[in-house]
Amino acid sequence: MKAKARSHGTFQQTLAPLLFLAPNLLIFTLFIVVPALQGIRMSLFKWSLLDGKTFVGFRNFALAFRDPMFWQTLGNTFVYVLAVVPLVLVLSLALALPLSKEGGGAGFFRSVYYMPAMLSLIIVGIAWRWILGFDLGIVNYALKSVGLGPVPWLIKGSMAMTSLVVVTVWTRVGYFMMMFIGGLQAIPSTFYEAARIDGAGRFDIFRRITLPLLRPIVLVVAVLATIEAFKAYELIYVMTQGGPGSSTKLLVQYIYQSAFEEDRLGYASAMSVILLVIIGIFTVIQFAAQRGNYENE
Amino acid sequence: MSRIVRTLLLFLISLIFLFPMLWVLLSALKPQSELFTFPLTFLPAHPTLDNFATAFKSGDFFLYFGNSVFVTVVATLLTVVINVMAGYALSKYYFKGRDFIFYAMIGTLMIPLQAIMVPIFLLLKSMGLLNSLWGIIIPPAASPTGVFLARQYIQTIPNSFIEAARMDGGGEFLIFRRVIVPLATPIIATIAIFSFMWRWNDFLWPFIVITERKNMTLQLALANFVGQFQVNWASLLAMTVVTMIPMVIVFLALQRYFVTGLTAGGVKA
Amino acid sequence: MARKGRLALAALVILALALPFAAAAQAKTTLTVLWFNDANESDVFQKTMADYLTAHPNVAIDMQVIPFKDYENKLKLMIASGSPPDIARLASAHVPLFTSSLEPLSGKPVFDQLAKGYFASSLALGRDSNGRLMAMPTEATANGMIVNKTYFQNAGIDVDKLSQTWTWDQWTDAMKKVLKANPKAKYGIAVDYTTHRFSTFLYEAGGRFIAADGKSMGFDTPETLDALNFFKKLHDEGLAPPSVWMGSENPQELFQAGLVASHVGGSWLINAYSQSVKDFEWAAVRMPKRKINSSVPGGKFIGTFKDSPHKEAALDLIAAFSDKAHNEAYCRDTYNLSARKDAKIAYASRSKDFAVFTADLDATPAYTADDWKSPILAKLNSYIREQIVDGLLGQQTMATTAANVQAKGNSYFAQ
């Protein structure tokens, strides 16, 4: 970082970055920072969309900690994130490895694996809900025709969560695979040649060369996948509506439900702030690991 | 031998990705009455394009399509321009608060839109952006992911290129246009693909902003096929297939740059 | 200089040309209408009002259809930002949520006169807590049962006759025979995944959500528990499919596919099934009796808001839509029950099924409407549904479900 270009302090060069940043910063401040600050302010009020607001200090936060539904949805969120992120990481890397070199139909397979990532989550959710239907779904129908019992894909709580995780991985794995392919292609082939001359086996090469050099991108994928998973809403809402009961309801859905259906905006904002802090902690940990990595280079 | 096994394996995996989409496509070709008859059939018994015809006729398909194209294209242009400029400023200049701005932007990635929907709505209202396609285009244009990708990629462009251009007396904006933009083409393509897909598929922003029929986008129209107690599967499936086509075209057209764009950006993260 | 002058001149000319158009555009009132569809109501509404629009060439309608599940949120956002639509379609559960924002219709001579032509039970759902009418009924709905008649015939049961007076025990016996005689039918009954449809069972068992005095919850009672346990029994014995309440399958599709023999839904199904069911005969039947016979009244409404930009024009259009001719045409073409006392509707078919729903509705106790016009029940809706599912899954007893709902509801009453 220290070796980067240092602008020479001419007036133009001091002004230039600000001008380059200005349009982005303006939109960013106006449409993200301001509403976010407003959201934080809201968390200190008992705030109804239709009937006004009263200041209550930190009472909304206290309410959240005593609300069993808050804890349940938070727990569900953790289960979902901790299942989705490692699966996405491992599988997208596994798909990227054989497809990082051109030829052998790599272009075709890449496009196919990437295709689900191009669909809107609402469409993905509707299609899978239909495919996994207990009585009318094609999967159970196929299982039945080969003599296997119907599987309660979206019916039993744990099974429904599993189905959601699988579908999430299905839609996102191609996207992150592309990032890994980018990373793999950037590793100079001289490294591999040198290793091969030293007589290293395939697994050795992967472990000692590919993986360490790929670490930065593993972290990028991990950060993005984690944030995405914490924020997941549309797919789940369409596929299970958080059910059966509330067994796949994640915190974001509960926030949305509290804000609109129950008209408790302040309470919803307080839970959003808590969620933000949690995601923040995860991200800082990941970024810290990344920085450590820099210093070792 | 192992090559064949590998290709076979990759092929089997692609079935997992293709099957659900194929099922949707085949179902879109079935007449409504055939969708829920038991036993289920994989292939349509009486293939028909009626669903597509109905979907086109119902509502103002071409109006919504036009709105979606307008929003997606303009928003993608705007997103690419402002984010690449910001990425450049954050990677090749030094100024006070630079890293703070960068991390603040990344930090906002973590805010779920659902949580700040109400403040955003009130803000859009006070700015007169409600019910306007610009209200969908402008606010989400400052995308943290876009800045992130652009910054990481531009960092890998050697400073000597910029220094050399400065020696030749190029102004800062000229350097950006003549040196940085050409070298950053792959990441520009990448951001363009991401932005295109996100905008084309986005439901929440249009849902917040649009209340007039003439400004509706395809995704809003699509959601209308899902009623309270019934889903208009025939139209929904047909429309889904139609909305996928532009995306596939854009992806195939830009795919070449796509992987390279992620290459440098990724490893230098 | 000359160039600039020419530009200015051109601009002036364009402006002059545009002015008359701008003026004409201003004279035209475009009413924004926010709508959700069960089937084709938005189209029928526009068709019904075509003559009105011809007679009022300065009025136009901008119809915006929103998916039902997002409808309430969208409307709340619009109202909260001070930009409500001119006209909104409202389900009965919406009315109590928006009473503080709706423009009252009571006290306006046209509407006071119109209201005299409507059933009191329908108007009740459109009133606020002070009894003021806030929105006009467009159609009345009733919960009830629709059966696959072919399946009953296959089992040698005359369902028309049996269902005149049947109890749930008789229904259960008959259903066991039906399932035996029809291998394709997997389940006896599907109930829509809504608190409103469940409430049919609650009322039949003699229970209710809110206490008679309207000041606290009245849910945690032996009658409620009986309804909840009966509902669970239907699921435990495999008569009801797990995929509707515990999964995400659509009961309408299950019925259409011939997988269930009866469906507890509502009068709007007549429209849907007359279009989509081709493979078997079906009919509306009386709800089987438990402690009492009951349906659940419901309805759809239209209203305008205090802050609507074209409130007067909206009121005029609503009044016109609520007269006898328009109401009959709308209900006929949407296959709905009318809320007007004087309506004589010649449905294209299926008038017998409408008579069945009406008969169920006539037997329904009046307090059912008090429950469903309560803003507190509107807020509890999802919670009750989730609590019932937790009971069905066996994660808690139904007694806990009743107690939880009671407590959560009372916490709203306490505020």
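Chains here go by letter, A, B and C, matching the order in which they are written, and residues are numbered from 1 within each.
In this text, a contact is a pair of C-beta atoms (placed from the backbone, for glycine too) under 8 Å apart; a residue touches a chain by one contact, two chains touch by 3 or more.
Keep in mind that what you see is a predicted model, and the values were worked out from it rather than measured.
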{"item": "From subunit A, the most remote chain by mean C-alpha position", "value": "C"}
{"item": "Of A-C and A-B, pair with higher C-beta contact tally", "value": "A-B"}
{"item": "Inter-chain centre distance, subunit A versus subunit C - centres from mean C-alpha coordinates, in Å", "value": "37"}
{"item": "Approximate Å spacing (C-alpha centroids) for the pair subunit A, subunit B", "value": "16"}
{"item": "Shared-contact residues (touching 2 or more other chains) in subunit A", "value": "49, 136"}
{"item": "Subunit C: positions in contact with at least two other chains", "value": "77, 80, 253, 257, 259"}
{"item": "Set of subunit B residues in contact with two or more other chains", "value": "36, 117-118, 223, 226, 231"}
{"item": "Contacting residues of subunit A [partner subunit B, same complex]", "value": "4-7, 12-14, 16-21, 23-25, 27-28, 30-36, 38-39, 42, 49, 95, 98-99, 104-105, 107, 109-123, 126-128, 130-131, 136, 138, 141, 170, 174, 178-183, 185-187, 213-214, 216-217, 219-220, 224, 227, 230-231, 233-234, 252, 255-256, 259, 265, 268-269, 272, 275-276, 279-280, 283, 290"}
{"item": "Interfacial residue positions of subunit A with respect to subunit C in the complex", "value": "49-51, 129, 133-136, 152-157, 160, 239-247, 249, 257, 260-263"}
{"item": "List of subunit B residues in touch with subunit C within their complex", "value": "32-33, 36-38, 117-118, 121-122, 125, 130, 207-208, 211-214, 216, 223-224, 226-231"}
{"item": "For the subunit B and subunit A complex, residues of the former touching the latter", "value": "3, 6-7, 10, 13-14, 16-18, 20-21, 23-24, 36, 39-40, 42, 81-83, 85-86, 88-95, 98, 101, 104-112, 114-120, 123, 138-142, 145, 147, 155, 159, 162-163, 171-173, 176, 197, 200-204, 219, 222-223, 226, 231, 233, 236, 240, 243-244, 247-248, 251-252, 255, 258-269"}
{"item": "Touching residues (chain side subunit C, partner subunit A) in the complex", "value": "72-73, 76-77, 79-80, 97-98, 100-101, 186, 241-243, 245-249, 253-254, 257, 259, 379, 381-382, 386-387, 389-390, 393, 395"}
